[in-house]
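You will see two complexes here that share chain A, one where it goes with chain B and one where it goes with chain C.
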Partner chain A sequence: MSNIVTRMGDGSMLEMSEKELREDIEAGIEEAVDKGGVPPLTQDEIEYLVELFKRKERIVGVEMGNEVILTYDAATLKIKRHSLFEDRVNSLAIYERLLGADTTELCHVDYSYKMLKPIVSYEAGTLEQALSVTHAPMFYGAMPNLGLYTQPDGPFPNPMELLPQGKIKEGRAAYDEMVASAVEDIVFIAETMWEAGADGINLDTVGASGDPDFKASLLAVEKLTAKYPEMAIEMGMAGEFVLGMHGEMYHDDQRLAGLYPTEQLKLAEKAGVAIFGPVVNTNNTESTPWNLARTIALIKPCSEAATIPVHANMGMGVGAVPVTDYPPVDIVSRVSKAMVELCRLDGL
Partner chain B sequence: MSDIFELAAKSVLEQDADLAMEQVKKHLDSGESPMILMEQGFIPGINKVGELFSAGKLFLPELMMAADVMSQASEKLMGALPPGSKSENADIIITAATVKGDIHDIGKGIGIAMFRANGFTVYDMGRDRANEDIIDDAVKHNSNFIATSALLTTTLGEQKQLEEMLKKAGLKGKIKTMVAGAPVTPRWASRIGADIYAENAHEGVVGIKKAMAAA
Partner chain C sequence: MGMAVAHAQASGMGGMRTAGDLVARLQLSKKMRIGEAKKYVADKLGVSVVELSDPIIMSEVRADNGFGIMMPLGKVPKGLECKFNIARKLDLDINCLNRFKARAGLA
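Showing the complex of A and B:
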């Protein structure tokens, strides 16, 4: 009998029987084990997920006392994304006072370190205003976004044009130059905003442009923490898997291409990151039980291996949350509960 | 597998053009048919590369270099064929294009490199091509497949329109369709009635071989 109501990764409603539910959970785990080389979930954990999806309540939650920190990245973008025309300072106050944010993040609409260089002094002024009207720790954040360093947006030859022409060496050389340039930009912005009073710096969507993007972020964190040992740097990833756009880029003798969350975390920790945000992207053609089982299987070993706080990314399109503008609360609450209780996260 | 076949496969896997050309020379000197080395050495090698790429164990630059090694070996071996002879898969004819309004062609380029590496005959129409032109090209070359790539949600609709145009022209089923591209999903392929969905170049090769086997 199909009586368990859940959703697909694109948010559409779906009814499943218990047998189908179990099959999807097992298939999601298998995908994680095959691709990520992680151990499978235990039978108890599978039963936990089955029971979670069988529950009839629209919203579920953790027991009192087991709440975790809610960290919001790119907060000032998300208010505007929903056509609420609040200024950034008020947006942060709304997050803190109405949405239960334990930390906030000021960001600019361009959300890329490179784009912030000409306006950083204005950003510092806005940060001071925002800090004066809120209490929660405030990050300043942006993406390394190495995509902005290639022609026509940046100075370097575009590897995506060079590689198909067989110019592999030239493409890789361009990536090497982009990394050096991105490190300078990240360090410049982070230093300025830290000096202006930010409680932390967020490097968001790290690895979006593949292994060079991750490399630039690790180098920038090393430089920043060498100069400012107190600086709290959060590193949020772009996906569960570092794409090999360069393919031969190493950090501490570790090849960056193809790394999954646990290996990503180890490098981030060593570089000096204070909070790590692993990401597993939602597959919109699979069900939420499939996506959640896969996400937990990939993130649980990362959380277990961590010596720093782990705040998994749980938003639209990541962490088994469906790819929709308004993620449905039945799924957001279920996947958040499961991630906290099974992965022992420190925050979301 | 004999040493020469193993070494040919290894040369593609390790993107070693010198090793590949050594095997080609040895094989041609032996007087054996050039196709044997392609089919038992180089094609298994490039297919393994495709599998590793799909599994995230090998990456874009290596894939491109492997395709280049394959292409050099293939050119030399094909050049040594007696006039009139061709690869076993040469009758698999594909018209490939990026759809109208879309200028992204990296994925299409990778797909075409893999198709050619498997001996398929490919007519690459480039990018930003209208469906009318794509169908005309497929008819002109008697293509078995039309493979389209769409990298934008705004250009996905062209793939749907292509299916409708093929139906209207009475070509649906005679020419099979493959859809690929970042926003393309199996669900989209099924909704519009495309015959093959390819998440990556390797899946494209497998999909075409399956479709040919089923025909």
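Showing the complex of A and C:
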């Protein structure tokens, strides 16, 4: 009997029987165990998920006392994205005093560290104004985005053109130069915003350009925390494993290509990160029960291994949230509750 | 934006409606995990961990301590004034306050 209503990874509605639900949960776990080398979920955890998806309520939530902290990447950008031309200082006040945000984040619409260099003084002034009229801890955030460092947008040859020509050495040399340049940019912007009074710096979507992107972020964190030991840096990842765009890039004798969340976390912690944001990408051709079981299996060991707060990324298309601009509350609330309670997260 | 609201309702502490912003400060400044951060704030404020997420109790605690409230009309602490109260009560360093004191000749 098909009486359980849930959704696919693209958000479309789906009916399943309990047997189909269990099969999808088990298949999602199997995929995580096979690809990520993580332990399977326990029978109790599987039963938790079955009961969660059988519930008829539109909205569910964590048990009282289990609430966690929410951080928001690109917060002010999300106001602008709706064609709401609200001043950014006021946008942050709206986040904390209308939406009840635990933290806020000032950002520029061009959300990459490289693009901020010419305008950093203006950004610092805006941050100072925002800090004087708000109350919640405020991050300044952007992405390392190494994709902006290749010609014609940047100064370096494009490894994606060199590698297919067999110019492996030249491609890797270009990546090395891009890493050095990105580190300089991230450190320059983060230092300026810290000295303007930011409570934290967010490196968002780390690894979007693969292992060189992750390497640049780790080096930047090490430099920043060596100079400012009290600086709080959040590192949010781009994907569940680090793409090997360079392939032979190492950090602390650890090859970066192919690392899954627990190994990513260990490097981030050692570099000096204060909050780590693991990611598992949503597969929109599988059901939400499949995606959620897989996500929990991959992120739970990361949270268990952590000595710093773990805020799993739970935005559109990650953390079992469907790949849609209009995520339905029935699914967001279910994946939110299950991730917090089964992974023992510190935040989202 | 709708997604952020859904997460806040399902799992979030509630920010300034409760003690979410205060607990967040411990995660940032002392890298505390959620249980330790909640206990730290609860002990400093003399409330239970569950009460930290209760808007009725916490709005009174916030008003009594000048931590900032959701509807800050006249004659109540706002912005930087609240941050001074938060830093003192929670025994925390707040980066922008140190900058403010240095620039204002108060350090």
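Operating definition for what follows: the second predicted complex is superposed on the first by the 348 of 348 C-alpha atoms of A that agree within 3 Å, B and C clash if a C-alpha of one lies under 4 Å from a C-alpha of the other, contacts with A are read in each partner's own complex, and residues count from 1 in each chain.
Note that a residue touches a chain if its C-beta (ideal position, glycine included) is under 8 Å from a C-beta of that chain, and two chains touch if they have at least 3 such contacts.
Because the structure is a prediction, the values reported are computed rather than measured.
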Open item on the list: With both complexes superposed on chain A, which partner does A:Gly315 reach: first (chain B), second (chain C), both or neither?
Closed with: second
Open item on the list: One more residue to check, A:Gly247. First (chain B), second (chain C), both or neither?
Closed with: first
TODO: Using the superposition on chain A described above, determine whether A:Pro289 touches chain B (first), chain C (second), both, or neither.
DONE: neither
TODO: For A:Gly154, decide between first (touching chain B), second (touching chain C), both and neither.
DONE: neither
Task: Which of chain B and chain C A:Thr103 touches, first, second, both or neither - done: second
- [ ] Check whether A:Gly258 is in contact with chain B, with chain C, with both or with neither, and answer first, second, both or neither.
- [x] first
Task: Residue contacts with chain A in the superposition, chain B compared against chain C - done: C
Open item on the list: Help me check something: in the complex, which residues belonging to chain A touch chain C?
Closed with: 59-62, 64-72, 78-79, 82, 96-97, 99-103, 128, 131-137, 194-200, 230, 232, 274-275, 306-309, 314-316, 321, 326-327, 329, 332-333, 336-337, 339-340, 345-348
Task: chain C - residues contacting chain A, complex - done: 1-18, 20-21, 23-25, 27-29, 31-34, 37, 49-50, 53, 67-68, 70-72, 78-80, 82-83, 86, 93-96, 99-100
Task: chain A residues within the chain B interface of the complex - done: 35, 160, 163-164, 166, 168, 171-172, 241, 243-248, 257-258, 284-285
Task: chain B - residues contacting chain A, complex - done: 55-62, 64-65, 68, 105-106, 109-110, 185-187
